[in-house]
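Quick one: the structure is below, and I'll ask about it shortly.
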């Protein structure tokens, strides 16, 4: 798969060292052959830990080969507050994020096919400013929803976000309302929207489009919640249960339809969408 | 008020005894002057205990004088199962209830006015077979809803019921679906339905039309719940909190908009209905 | 679970088993004796199940080997994608639901879940759902409406759970809400009582365009035991109450409460899953085929008319 | 509550009070001195409040004598019929709502509830609502839609409650649901930030056809303290963060996030309830009058377009 090739390029061509052969699972510390780790799309075969994917890696393993067409690349970050913090201007930070990731916002949108069925995809990338909800993010998601509405295609959003993008202040907050308005229009037209929450989906993203799917699913172990663990502990002055805000916890509390292993995701989505009788 | 006159007639004309002068509140055991008790429409001035009213007493203290017109008197009890229990046939039981109460079903329906606004009323009477939900009850309530729909008048239902009428078996159960179907049609047409729960509103009545008001209100202290206290205690093998299934408990748990004293009820309903902008 | 009324039948089945074991052990052929016993068994099954009293039927409906929703899912569906949660409080396993494929038909399958083991029964609370279960069911029905697929509800519950927490979270409200919304849901709803149809807990997912019962299932406003203890002041009068309440499929068909009876194999559903599941599947597919020709609008109108006619007083 | 930036003003007020007390006690006339002090006070109020920094404004917005929803209800409405409960779990007093009559207009009034006493604050959780509060608000909005009356939301919250139970019952889901449904609610929605507009907890009842702010209120994606401790790694940099976040009414009007600023009396809303309430009332009535001319369909279209245009990248 393409993303593996890119990864290999990054680690460049020296002699074979231990770290070239093994990956240590960040969760269970098991030593996994890199080859196995890669084939499993960074899902630990021992403990089912799901390591992060970039947005393009995710699309690569999801859609029919060659079917993906990116949309809305004309939308990128903006700096409505001309924000400057201790580390300098937000615009610089955004520029660095673009350089680091090769992406132009925290979400990538496009159309593609799942076993021949046309769908609209919006996939967030945590590497891009923590997957934060900027105005570009919101605009892309709304445009994806509008594209889905126009072409009567199901919308699938993969979330991965720490929440609002502080550097865009209130404009970031407004993206919560903006994206949900797009989802509402899609719903009014009877078009499915499937929300897939990956690690982590918190704050303003969980409290907006991520939580209002016709079907809400998540990857195993993903952190999903509104407030941060530390804030809650400080507020209620007590320790939180170990599984608090995990996908499994969310499912037990009624907010997730299913928890789906990354390697079953494509099949699962194909199956689910077959139940939509346009 | 008219019902007092009727009551006086019942207690017939002997010399003045203590029990002719005082009423003992069944809740707080306070001695209340009968005159005061009557003027307060059987609400205890000491503890706000709401004693039962008959359906006609309730209508009398509720609607504009002389505005009430009874409807659906052609509907009465039926005996779909030809039911006979240890005490004899249900048909006899129903006959006795009719004789005792002067009513022909556990609910009385009609149209009337509240400060000039036309409304449809359905008022249950606990004296009639424990206010149980018979097929006649369901039919009257559905007809009331249909009448309200046709004439675009708000519907107000006063519940007082122990639940389903066992003697009509499954036919009684079906009245839950039947009445709710009527409420749904009314809702589709944008016509208000106010549910007033009085003591007691339980079982099949609480689990159908009584609980789906646009606005759910109750009289203070009314018992409202699905299962009976004893059944629950036997099931969970623990004592229930003292206020369990009271109107106040239901309000705390999110199922009642307000608890309204009987003597404020007319004004309250008039006020609420003014918010409907047909 | 031994049922009193089929004592002779069970003894015969026991004898057959013993004889077969003996034959195997001793390597002797008891062909003639076995054939005779099997003929006897078949004849006993027929005669016993031909004259079940309502109270006998209650025993069959509650039989712990009767097929449960997981059996229907496994045996009848080519795919089942369970969908969880009420989006508010929890995921109740007393009612489960999800996308299901039955031959080429895709439906939303919803039903009470009982278990065969104690462990399973604790998980699903013996098929007695909490408000979350009813709210999840409603959510899935609305999803089915949006996706334009029929809803299939399988009913098998002693009743909605009578618990403190269930009351606190609105058991009555949840059921009432479902009755209201099911009456106007713009997609076909097919309901089948497969075992116990226990009162409000049953009808809470039981409003449909077509309501069917398996031949030995029951559907009642109150359990015969409950009714007997109230109206006869004696719980042991349950058989009499069962009779008076008219809770069998035959009676309910005559009363016009249900639309169709799905036959069971001779000897009851618990003796032959394959045949039972096939009958249920056929009934579902036949009705989907029939109902899909009706427009959504007309469907809702007809459903309303159907329930409006329930228990007319004349 | 003494605010650092108005120290001189408070001292002057204190002097006036002392002089008045003395005059009464000794029965002496300090007319000239008092008049002078009062002139000084007015001038100080004007000058102080003319140059509030964003961080000063945060203090005013959070001032413990600032009018709260109960004050608006008592002073602005001729009638208020509180409606309770989410029909699912509870009645949260962190957000209250009900039918309200403002002059001849009938509306559904919904808003965060803070208290002035500790007791009231515990009851209403300091204006930090639980999911039940947001679900109740949504239920009331849908009731308003059915009854064809406008919705008026008053925002004043530090944020949605960050608690264990709140997470367990779906704080995120409740807010997300409200954003979705408010965007398509077919009745006018008028939103006013009266004090603190705290992030998701604020916008959870904050999607409207017209969004206004009282002149000294704030509206922010995160508290200045929170932002400072994350981006400056130093909570005491809150004043800097407050400035950077552009959380004042003026800034938000310029950014096109809000539609209108409701002026406050000189010296802040906490110094003059009558005038504040009158201004809020006028703003509500004016906007109802304006919005009632728009058809429901057009209203929803325009609301969508408004939010779709929020934060355009070009």
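Just so it is clear, A, B, C and D label the chains in written order, and each chain counts residues from 1 on its own.
FYI, a residue touches a chain if its C-beta (ideal position, glycine included) is under 8 Å from a C-beta of that chain, and two chains touch if they have at least 3 such contacts.
Here the structure is a predicted model, which is why all the values come from computation and not from measurement.
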{"item": "Pair with more cross-chain C-beta pairs in contact, given B-C and A-C", "value": "B-C"}
{"item": "Most widely separated chain from chain A, with each centre as the mean of CA atoms", "value": "B"}
{"item": "Mean-CA-position distance for chain C and chain B (Å)", "value": "34"}
{"item": "Centre distance in Å when chain A and chain B are each reduced to the mean of their C-alpha atoms", "value": "54"}
{"item": "Centre-to-centre distance between chain C and chain A (centres being mean Cα positions), rounded to whole Å", "value": "42"}
{"item": "Between chain D and chain C, distance of the C-alpha-averaged centres to the nearest whole Å", "value": "54"}
{"item": "Multi-chain contact sites of chain D, meaning residues that touch two or more partners", "value": "87-89, 169-170, 173, 177"}
{"item": "Chain B residues counted as touching two or more neighbouring chains", "value": "187, 253-255"}
{"item": "Chain-to-chain touches, reported pairwise for every pair that qualifies", "value": "A-C, A-D, B-C, B-D, C-D"}
{"item": "Chain D residues touching chain B - in the complex, by the definition given at the top", "value": "79, 81-91, 99, 106, 132, 136, 143, 146-149"}
{"item": "Touch list for chain D against partner chain A, complex", "value": "160-164, 166-173, 175-177, 179-184, 199-200, 202-204, 206-207, 219-222, 227, 230-234, 237, 241, 244-247, 252, 255, 257, 303-304, 307-308, 310-314"}
{"item": "Residues on chain B engaged by chain C in the complex (per definition of touch)", "value": "75-78, 80-81, 83-87, 135-136, 138-139, 142, 164, 166-178, 180-185, 187-188, 203-204, 206-212, 224-228, 231-232, 235-236, 238, 240, 244-245, 249, 253-255"}
{"item": "Interfacial residue positions of chain B with respect to chain D in the complex", "value": "187, 190, 192, 214-216, 251-258, 268, 271-272, 274-278"}
{"item": "Residue numbers on chain D that touch chain C, as the complex places them", "value": "87-89, 131, 135, 169-170, 173, 177"}
